[in-house]
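Take a look at this one; I'll ask things after.
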Amino acid sequence: MLTDLPLDQLRTYRSAQTRPDDFTAFWDETLADAARHDLDVRATEVETGLTTLTTFDVSFRGFGGEEIRAWLRVPAGASGPLPTVVQYIGYGGGRGHVLENLVWASAGFAHLVMDTRGQGAKWAVGDTADSGPAGPSVPGVMTRGIADPATYYYRRLYTDAVRAVDAARALPQVDADRIAVLGASQGGGLALAVAGLRDDLAAAVAYVPFLCDFPRSTRITDDHPYREIADYLATHRDQVERVHHTLSYFDGVTLAALATAPALISVALMDPVCPPSSVFGAANAYAGPCEVLTWDYNGHEGGGPFDDARALEFLRENVDR
Amino acid sequence: MLTDLPLDQLRTYRSAQTRPDDFTAFWDETLADAARHDLDVRATEVETGLTTLTTFDVSFRGFGGEEIRAWLRVPAGASGPLPTVVQYIGYGGGRGHVLENLVWASAGFAHLVMDTRGQGAKWAVGDTADSGPAGPSVPGVMTRGIADPATYYYRRLYTDAVRAVDAARALPQVDADRIAVLGASQGGGLALAVAGLRDDLAAAVAYVPFLCDFPRSTRITDDHPYREIADYLATHRDQVERVHHTLSYFDGVTLAALATAPALISVALMDPVCPPSSVFGAANAYAGPCEVLTWDYNGHEGGGPFDDARALEFLRENVDR
Amino acid sequence: MLTDLPLDQLRTYRSAQTRPDDFTAFWDETLADAARHDLDVRATEVETGLTTLTTFDVSFRGFGGEEIRAWLRVPAGASGPLPTVVQYIGYGGGRGHVLENLVWASAGFAHLVMDTRGQGAKWAVGDTADSGPAGPSVPGVMTRGIADPATYYYRRLYTDAVRAVDAARALPQVDADRIAVLGASQGGGLALAVAGLRDDLAAAVAYVPFLCDFPRSTRITDDHPYREIADYLATHRDQVERVHHTLSYFDGVTLAALATAPALISVALMDPVCPPSSVFGAANAYAGPCEVLTWDYNGHEGGGPFDDARALEFLRENVDR
Amino acid sequence: MLTDLPLDQLRTYRSAQTRPDDFTAFWDETLADAARHDLDVRATEVETGLTTLTTFDVSFRGFGGEEIRAWLRVPAGASGPLPTVVQYIGYGGGRGHVLENLVWASAGFAHLVMDTRGQGAKWAVGDTADSGPAGPSVPGVMTRGIADPATYYYRRLYTDAVRAVDAARALPQVDADRIAVLGASQGGGLALAVAGLRDDLAAAVAYVPFLCDFPRSTRITDDHPYREIADYLATHRDQVERVHHTLSYFDGVTLAALATAPALISVALMDPVCPPSSVFGAANAYAGPCEVLTWDYNGHEGGGPFDDARALEFLRENVDR
Amino acid sequence: MLTDLPLDQLRTYRSAQTRPDDFTAFWDETLADAARHDLDVRATEVETGLTTLTTFDVSFRGFGGEEIRAWLRVPAGASGPLPTVVQYIGYGGGRGHVLENLVWASAGFAHLVMDTRGQGAKWAVGDTADSGPAGPSVPGVMTRGIADPATYYYRRLYTDAVRAVDAARALPQVDADRIAVLGASQGGGLALAVAGLRDDLAAAVAYVPFLCDFPRSTRITDDHPYREIADYLATHRDQVERVHHTLSYFDGVTLAALATAPALISVALMDPVCPPSSVFGAANAYAGPCEVLTWDYNGHEGGGPFDDARALEFLRENVDR
Amino acid sequence: MLTDLPLDQLRTYRSAQTRPDDFTAFWDETLADAARHDLDVRATEVETGLTTLTTFDVSFRGFGGEEIRAWLRVPAGASGPLPTVVQYIGYGGGRGHVLENLVWASAGFAHLVMDTRGQGAKWAVGDTADSGPAGPSVPGVMTRGIADPATYYYRRLYTDAVRAVDAARALPQVDADRIAVLGASQGGGLALAVAGLRDDLAAAVAYVPFLCDFPRSTRITDDHPYREIADYLATHRDQVERVHHTLSYFDGVTLAALATAPALISVALMDPVCPPSSVFGAANAYAGPCEVLTWDYNGHEGGGPFDDARALEFLRENVDR
């Protein structure tokens, strides 16, 4: 059943989330700090048993100079720099198995799928550690280091995601002028964040994005992972304001308002995980051109392959020109 | 947690399921009836946006001459007959979206994925109708026509599956001597059934197969789809013997005992849907060489891409010689 | 807890469901087609062990000339045509066991309870098959043939229900001028439908009717059976408009607007299965006199025997004159 | 799925429950105490709208002389004393609505259905209070007064049940030599208890009886109502022995061993509420002739109308001679 | 997630509950009747193993002169009358184990914790019986005797609670002029009730109070214990008005409107058990000064030790002057 | 219901878990490494509002020299070194609020309750961070760093726990010769571990201990937190052996076999979280005297205050001599 406002209200919904005063400084310093570490991009071809695609095990240095893993897939025998999709992964998963996630390279793109630090053990395997500081936390990463923006887990992950595009640009298979970011759920939130923090993208695609409008989302759904934050505040009852201050540096609504690359955002009206109003809150704040793809009867699975099909067209129009 | 016997007992477990006297006659007549309908294989290339693969919308005539849909995927530009994987789909799903399920063709096989009559509306879309007779039924297809082997839904679906191999053999992209059948769950049960009903296969691969040892499986799990049969018998209390007589013509244990193509069967020890003893019951009865791939901590998802990776090796050894 | 609007709003609620242009033609043709088949009513007395009632196993020809079963119960030794209740059954059930459902005949009515094609295996046994066409479907009958009004399951079932009244009129125990239709949930939806499609009824009784205001009901409840339609559209994402077009021919709101026999409709304000607004949507559209019986603290069980008690009075006033 | 031992083991299963030394004295004194109160049977005809049956609102004095309500239903116009069914009701329910439960009178029996003190508010309405002492209790009646056999709720209810037969014998519609007791679940447990505490019954019928083998049943099921006892002992951790001593005076296994009237007991092998071994424990201890009716695929609903159908035959053979 | 209105609306929310005309007379007579029984306060020191506190097993005579148990805890070696906390317990629990609930005495208060008649078997042990009349009831005490205010369970419990303060005043360790009542959930409802029925209290503390605004609360939550009332009315469909008439004598909203002692009330905005609007309904009706402590992300656990910490300060200000 | 073997089998149950060859070396080196960091014990009195107890906010340096927080509670005005309880906390919780957990100091002990690194956000607040390495993990700490014993989370936590005793010994309120370790669930597992890794304890108390017999426990329960390991291995299917190798260094069964201080271990026979056989596996392997306290009808709450009451006696006998 519908999990949020009716569609006609969603179309014009504006989030009440606000931007902290030092938001820009925070991210400028964060990315500048990261930039002090050499990217150190490495790519080693791996044997997968696939014959139409070539796969590389990639690593680069993300936040704090830590090693971040990725897969790069390209059509076998591709020559010359390719239009490229940099993909981020949903909550709990990692870059996955080499035999999964073949669509983008099979469609002729260079496809770099970034691993997610410290996740990668629930539905898709990963190989990347997170060694940042972790205060008292609810199981999961949503509250890891949440007492301060500087120690928050997503500061590290957003920085990795920004630098994944730098890593892509450093790969010979990638055409640096034709890069799109893409992801679903947490991956969609990361795509919006990167679109807000970089100005050199050709497009951004976010399916049912997570990490948007924390003050509202943590109050209108009981589902994980937003629920982790509610659970934390149910115990640390004296930190409500502090936690929301931290989260305000990482809100997809705020980041979308800085993003100018053409965007495709999908939303599912029966999504109990990422409330439709939080997605529309980001989409309606998006600074650049933004198409919203609405699924009437879907939950958090969103459009699935129907999202991919529309995204393929959208990428042809905006990236593979 | 473990859902069945400990592994050491499973390794030697023998099912108590028995074969009805007229089993062979039943299937001989069923397949002979079907053979009276022209196969009428048609294949039309479809536009998918993928560049490394070519996809065809295929149809052929299955049980009762009804139109059965399928996808054929081959590497773009492939020449000459290819080693081939004929795939069957799990319960509730259909042949899926054109952008899904790219592994086998990306590995160089011709990949024919058969739609499932009357299913295809739960987790993967389908386009094939089932118009056979349907008496009082529990929601789902498990009890459709179950009062008699002649009217049972799986008589029609097993026949479709047998004829999908004939359809594959009729396609120019397929090397008729190098065909494997493959599937997961219901798809795995179908692969075992086809392996028992045909003698021209190069290999059979069944991940966590369903449709095995009905008398035991319907009593030791509460999960769907076996549960549909239990629900039916909870209402039609006077049909216990009759229903099990019908099911005895369709039991993977019995069909495996007739199958001689080299087989790979996976089993998950925490599977609540397809009890491990039912899978070992089939594997231990399998007439040909049979490798069992055991996953200690998995449920019905089985080995997922790890199953695929081992299957790729197995297919290279047995099909792609 | 309350599952819908507060009662004061419900009392004046108007559904937004609309009638397709060819609605009347569709049903005229459908019923005319059915009328081409001989009714072929048969009634055989059965031994039940009951001494105050006489029971007959009845069959007649419904949609497509298929055999539809029913029970006829009358007071033992009844002479002359009786006031009559034609009853339809809730989702999943069939006409039931001969020892069930004794109220109406014990109250002096001839009681014809129609079996439900293809159902009758969940909570009450049935004996009637559905052999109509069935495209890809979610388990259950709600999406069987839903791609087109002509193939939709409920076209067949509504037609059976209309013809059950013809069958009743053909029985010597029935007074053709004193027939009421009655049912709960799906049975209530059928009663409303028959009341809208026939003009010769003495009364209609619908307890917590199902099958009303599909566009709204499929969006405001997660419960089955409306959920089957939502599940179908979650997979067949491109058929939302098409499916709702099909459903518009079968909506209880639309059919109620054509019904003129005196009606008793019950509604439960905590019903999660048939949302109160969907019931009031039908009741408030009902063309004839319509009494609404409201249960404040009930779910889909509605008034149970309290509904029966009020219905007995209502039938005495309107049918057993 | 099966909830207990396999059927072949159940057939010979013997419960380990034991009888306290003063068991006979306890019940002799209890019933003698009750007998000091005048039965004071009253029966007033009530208007129900039914024409084939006549219904009376009955009351008599049960344990402590408290008023116990019942319905008496007989075929309309019945003359002379009838074979009689005294029925007890399942946990949580009362004697129900006048329009419910019509089978036994419709089959020609006088049917006295006893209300259950203090219950009658969950699935069937009741009108009888329990005013006995109640120490700290888990919600429900299973632990009301459980600290001592003298104060235990079931001492009162079992006594009511024994006296309901006396009340039946005092009614002119009842043939005192042809009385059977019957019930399902708690009602079945009461039927077994009365069969063990009286020697003048023509038959006893217990469907899926509750209240059997408390030491085992409270340990092998998590379902209510046995669970109430486990919940009580989870808090009152120091009363395990004391509570089981109280329960030993009320165990269906012990009472069955004293019962000699011909019995029909049904059992469902997938019953999570009343474990099959507890039912077989009683049946295998039954002193008189005892037929066990086994349902392979049913839960606590047991045989439902199939139980009734077999019971009707059994009652014809044993009561309605 | 939020379970009720947004906070800004809650702050000014007024309940629609009304006071019956004879409300004052009802309680005057009830308390006068109780006062006819001698209080008979007894206190026996018990060995607990604790060295900083001294504990007494206390009893007094409550409603109907029945024995009500309690614990009295005081700092070891305390001399002279102490400021005092009289505590009531949440639904299902009793006065608990001697090693539990040490905060108030450890903070220097005399702490009298009253047992709850007939409860004390779910999460905290109790030793007090309820022997009042009990008509048909849903498991639990919410509907015990609900057909009439005179027989309702909470008439007895509220009276016990009022007299617990009298009992406290009779103890030498207690300073009769410095008594606060305190409790959580049911205990909070009792604290509000006693504050409304006595005029000699120094303060009242109610955490997430239960028993407020029955007409609304029984309709907007599915959770127990309010649900017990809804379940009763789902069966006893004809008693809706009668039951709400009974409840109107016991509503925390009404009782709060009579209470003048300074109050501290906590509320949790994600509480599914005691809806926030029902708590604000009482707090906004409170006649005396009333501080509301709001927890944004908590369910029915409320503020837990954070509530205690604020209550300690509040009691220092208002009681321990 | 019982969640494991019957009690008579449990009493003699021996776990099959084995000790890795370098077990002793591993722990010797780990503790020696930790010992290189100064303990740096600090204790600051905090204002709590309690008058019978004095509370200190304590910190010391644990694994890697990281700051570990604790509360120290002593009877107000206590003079001279006291017998001492060092307590560890259950999974998800931290040292808690200052107003919680007052039993041990109220009984005259010095009570040091150690915070749990990185936990302390689910049911009891904490203030201690874990900054050790964390590879891909399932939400929670069970699989943090599990790929290697050197990086495993519990290496850090066990070391903290061992050093908490050193910290206690450094406090003036503590009598170094009279220290017991105590905890429930994870806290009980830690108590067993410390008892196995130190030889200077007066006693060890473990209620329903967790962290015992990982190979068995991860296979026979679906409940968290053992489930985290199963979930990890369901994704990282190739690490079963590796993970169990890591876990073998941390198994309570192995550590108990090294422990000689008198022990009290409680077990609950209906515990779904810590299977009774895993607890008996540790108890039956315990090297010193060991009393097992068995609760027949409890789940993971175990004996609750009844455990405390017996532990108080046990500590009087063994610690407070």
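We just call them A, B, C, D, E and F in the order they show up, numbering each chain from 1.
Keep this in mind: a contact is a pair of C-beta atoms (placed from the backbone, for glycine too) under 8 Å apart; a residue touches a chain by one contact, two chains touch by 3 or more.
In UniProt terms the chains read A, B, C, D, E, F = Acetylxylan esterase.
Since this is a predicted model, take the numbers as computed values, not measurements.
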Path length in steps (a step moves to a chain that is touched) from chain A (Acetylxylan esterase) to chain F (Acetylxylan esterase): 1
Those chains which touch chain E (Acetylxylan esterase) and also touch chain A (Acetylxylan esterase): C, F
Far-end chain from chain A (Acetylxylan esterase), centres as C-alpha averages: D
Relative to chain B (Acetylxylan esterase), chain with the most remote C-alpha centre: E
Gap in Å, rounded to a whole number, between the CA centres of chain E (Acetylxylan esterase) and chain B (Acetylxylan esterase): 63
Separation of chain C (Acetylxylan esterase) from chain D (Acetylxylan esterase), taking each centre as the mean of its C-alpha atoms, in whole Å: 37
Centroid distance [mean C-alpha coordinates] between chain F (Acetylxylan esterase) and chain D (Acetylxylan esterase), Å: 50
Chain D (Acetylxylan esterase)-chain E (Acetylxylan esterase) separation of Cα centroids, rounded to whole Å: 38
Sequence positions of chain D (Acetylxylan esterase) contacting 2 or more other chains: 231, 306
Chain pairs that touch, as defined at the top of this document: A-B, A-C, A-E, A-F, B-C, B-D, B-F, C-D, C-E, D-E, D-F, E-F
Residue ranges of chain A (Acetylxylan esterase) in contact with chain E (Acetylxylan esterase) within the complex: 218-222, 230, 233-234, 237-238, 240
Residues of chain C (Acetylxylan esterase) defined as touching chain E (Acetylxylan esterase) within the complex: 1-2, 270, 295-299, 301, 303, 306
For the chain C (Acetylxylan esterase) and chain D (Acetylxylan esterase) complex, residues of the former touching the latter: 49-53, 75-76, 96-100, 102-103, 105-108, 304-306, 308-309, 312-313, 316
Residue numbers on chain B (Acetylxylan esterase) that touch chain C (Acetylxylan esterase), as the complex places them: 92, 94, 118-141, 143, 228, 231-232, 235-236
